[in-house]
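To start, the structure itself, in structure tokens.
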């Protein structure tokens, strides 16, 4: 005989304001097998939990139903409470009467009726629950960080510091990411390279860190604690061990006209190159699309000049397979395509540039040696217009609906530095709102306006007209003066929206980690679990989770590392007991289940069965490995004989819920 | 049974724990209303939904059944939603053969971030089913409530 | 009509989501008729959102919009200011006696090169 | 010879006769027979965006219905007709209430739902005939001519509905000019308004618009400007005196194809 206890939570007024809690208790108390029903203002509070524990003991409950918030919120809390009272935690069911009832309905009668039905369904399911015991799985004590920008670097360093080995996979030939391209950092104006390169060097020197540069993640399998990852090390055509990074090959290479990605195409590199002076690893790489030797076998100059004998034209991509306990996504961002905003004439004039291009033009290691010169004619610009929110906060198909968060501050930085270095310039900033939440951020922006005489204009630019004399006619609105302005500018800088790396979507699919509609990784909880993906064992660091600046990225990277360290410190993980199992007597060995299993958790055994006539017969039957099964249930539907079922979500349980709802 | 204007259909929604169930929670958190006659059953993945569950629902008097899963390519279990799509295509054509109107069943992809979409989807589904009136074709008279 | 009805009427006619405006001013930055208007595209959107429509109805600005759609094209929020201006103008000229252009005015405006298109378009824009 | 329904519009039958005749002649040469729509009426020159406007959209609706029943497409030459027809067609496709009202009034059977396709002569040239074929058909290449294409607003906006070309950096007229052997002049004001119908309401205001367009083209070295719109042509010639010759695109087309006897004048 089952004995079910029902507990209905008020959640303060969150539930009680729209659901008549007493009526729910009364109705559910009448359900068969229910021996106890009560309500409480906050079931998740300690005294609420005590109420549950006491009832379990006192009434010798065999099942518990809690009508409260979403099970995604407190199922774990209530299961723990049940366990501490001696009840198997998997005998607890939660009816979601907050998110899926009280919060979406206004009519009290309607909401109360729905809450009762949801409670009945939970009781029906609880009656069919069986005690489950979670298995354990081992933890591979090594982490993988995907992406070698500041987010990935910081996460890797913190994990390594705690004593765990960690690998960084970076698709470019060097780590460093966007921060390596930036000139100065706000709000302190430290030199970006000066604070980044020591960290890059630390990565290279730390015994616990391995860097797979010029590499990509090829496939991911497994689950939290034991992932298996294949990494494609793209052919560099340079032996990583032999190359000393002397750079002689990059000086002798005859192919001189390859646009230099690091300087965003403002100057050229060779076909064999080292991305920049402080690259880590400092190893040359040959661009197979441009190298004459690789294209048609005619050259070989680099091989001849290399004293270390590191050049190897026959090198091929290499696949490395490695095991990890945790994976960190740190794939960062790209600058969105500004050509979609034709009114800004980015394609029509070389003197309309993006902010990242501006960084290269003011960087001492950049194409102009840090002297701000117009890309079109190399002359010194006198009037510079900065345009904010180019593509950000744009709800059209071509834009990004979110605020890119960093543009207000870097534009203030650009404007301030320009005025400081070139007092003969006039600098205008067109803004919609200036957003500067952050320590010393608003003070920084105000300094640009107050001390450096940057003209901040509330309004937008409608059109940029490139003139025959090389100037740019900027047509704009000044909303405070209520007038249309025309500024004749020498240089226009677009604060382009940032967007997640194009590689992120493919990676998310491999990791089975969810993404939002903008292709940012989704966090497990926006407030309480901001650095974890809902997929166990996957962690998030940096802009791949949402726009953020360097200080915020570094803090998040550290937080992410702490979560990874917490996981890797465990020797065993408790698994999910809601896994599939097959009834051997019903199984006909058809393989339908194994064919749909995404984890290869199902194998077949030849097993001896006693037949009714006392003979024995060997039959082929399915067997599920509970450590590998993730509990999706695909096999249960594929099984034609009905042998396969899923613990915690069994066929009979879901049927019972259906019946209770349609009753 | 008379089709009157007060007709309130019974709707069963099977929601994947990783996406649309969370999407439904989000529409709650954001207070985005949808009709109370939608009752959600949590499943670990849309591919857990056995066609027999849907038949059972219709037999027990449900007027519409909707299955919500992760967007193609986003399945927590990699390929579960593709199975759902294939299975439900077959089931729906069978239901069609049985005379169950096509609009009584739906498969929708709703992510955990799409609270708005969840509420809109439910509103439109309820509207469609309400327009069709009560389900009679598969209903088992012995299960009728009144 | 009271303020709220008028606002709803304009929103219904134009199909414009005035509440989506984030006050960036890109419409007014793009407007070729800006200098000839007393109220500018962003103010049309703002005043309609506030329900302060009489001011717009009394203004000459409603006849200065070229319906060139530069504002519609460039608005990052999909607000469509030109349609708002047109809706306000229609509310005005649909009233008896409020035609802006009368057939009798045409001979005075006529010149031999004027294409038929100019007259039909002006009649459509300035009369009911 | 491909037959295609043709909507000439009011001005092409009066002030801009040449635009009509040259467009047809060039079409014949390139394999198209323009079949004038029976009893077509003036489109009204402007699409009234208000959703409750029905009567002003009926002329376009009739032409579209005729086109549906006669080959499924309608070609236009005038930018305004193109704009009005295409926007009306889009209203049929997206606004079922509007479509139902028109069909009830017009008694169209089956009811019109926006099935016809509206194409501009430029689109036909670009997407079907192809500029390579046009280039091959050119008898007198316009060598050395620096031509500024003037798109104006009606061909490009609203781009979501018209989908004619990129609304900010269109290229079809530039490609057209190149195919004729001339050099297109790129200038930023090519998609800005000429002043349109405002010339009747406030000529001074309209003049400012035309002047801005013209000076931008002149500055970039143009010696000729082409347009598809009679009102643009009027504003640019009448409201802004300049060194630039303003011509219909069909005029330079006819010239390059050798359809004009000797002269360059329209």
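Just so it is clear, A, B, C and D label the chains in written order, and each chain counts residues from 1 on its own.
We take it that a residue touches a chain if its C-beta (ideal position, glycine included) is under 8 Å from a C-beta of that chain, and two chains touch if they have at least 3 such contacts.
Values in this document were obtained by computation on a predicted structure and should not be read as measured data.
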Pair joined by more contacting C-beta pairs (A-B or A-C): A-B
Centroid comparison with chain B (C-alpha atoms), farthest chain: D
List the centre-to-centre spacing of chain A and chain C in whole Å, with centres computed as mean CA coordinates. 46
Averaging C-alpha coordinates per chain, one finds the centres of chain A and chain B separated by a number of Å equal to 30
Separation of chain B from chain D, taking each centre as the mean of its C-alpha atoms, in whole Å: 49
Going by residue number, chain C touches two or more other chains at 35, 70
Mind pulling the residue numbers of chain D that touch at least two other chains? 167-168, 192
If a residue has to touch 2 or more other chains to count, which residues of chain B qualify? none
Mind listing each pair of touching chains for me? A-B, A-C, A-D, C-D
Give the list of chain A residues in touch with chain B in this complex. 70-72, 96, 98-101, 103-107, 110-111, 113-114, 117-118, 121, 505, 508-509, 512, 514-517, 522, 534-535, 578, 596, 598, 630-634, 636-638, 646, 649, 651, 654-655, 657-659, 661-663
Interface with chain C, chain D side, in the complex: residues 9-11, 14-16, 42, 44-46, 48-53, 56, 78, 80, 153, 156-159, 167-168, 192-193, 195-202, 205, 208-209, 212, 229-231, 233-234, 237-238
Touching residues (chain side chain A, partner chain D) in the complex: 341-343, 345, 347-348, 463-468, 473
Help me check something: in the complex, which residues belonging to chain C touch chain A? 20, 22-31, 34-35, 40, 42-43, 70, 74, 76-78
In the complex, chain A residues that touch chain C: 343, 389, 393-396, 399, 432, 458-463, 475-479, 482, 484
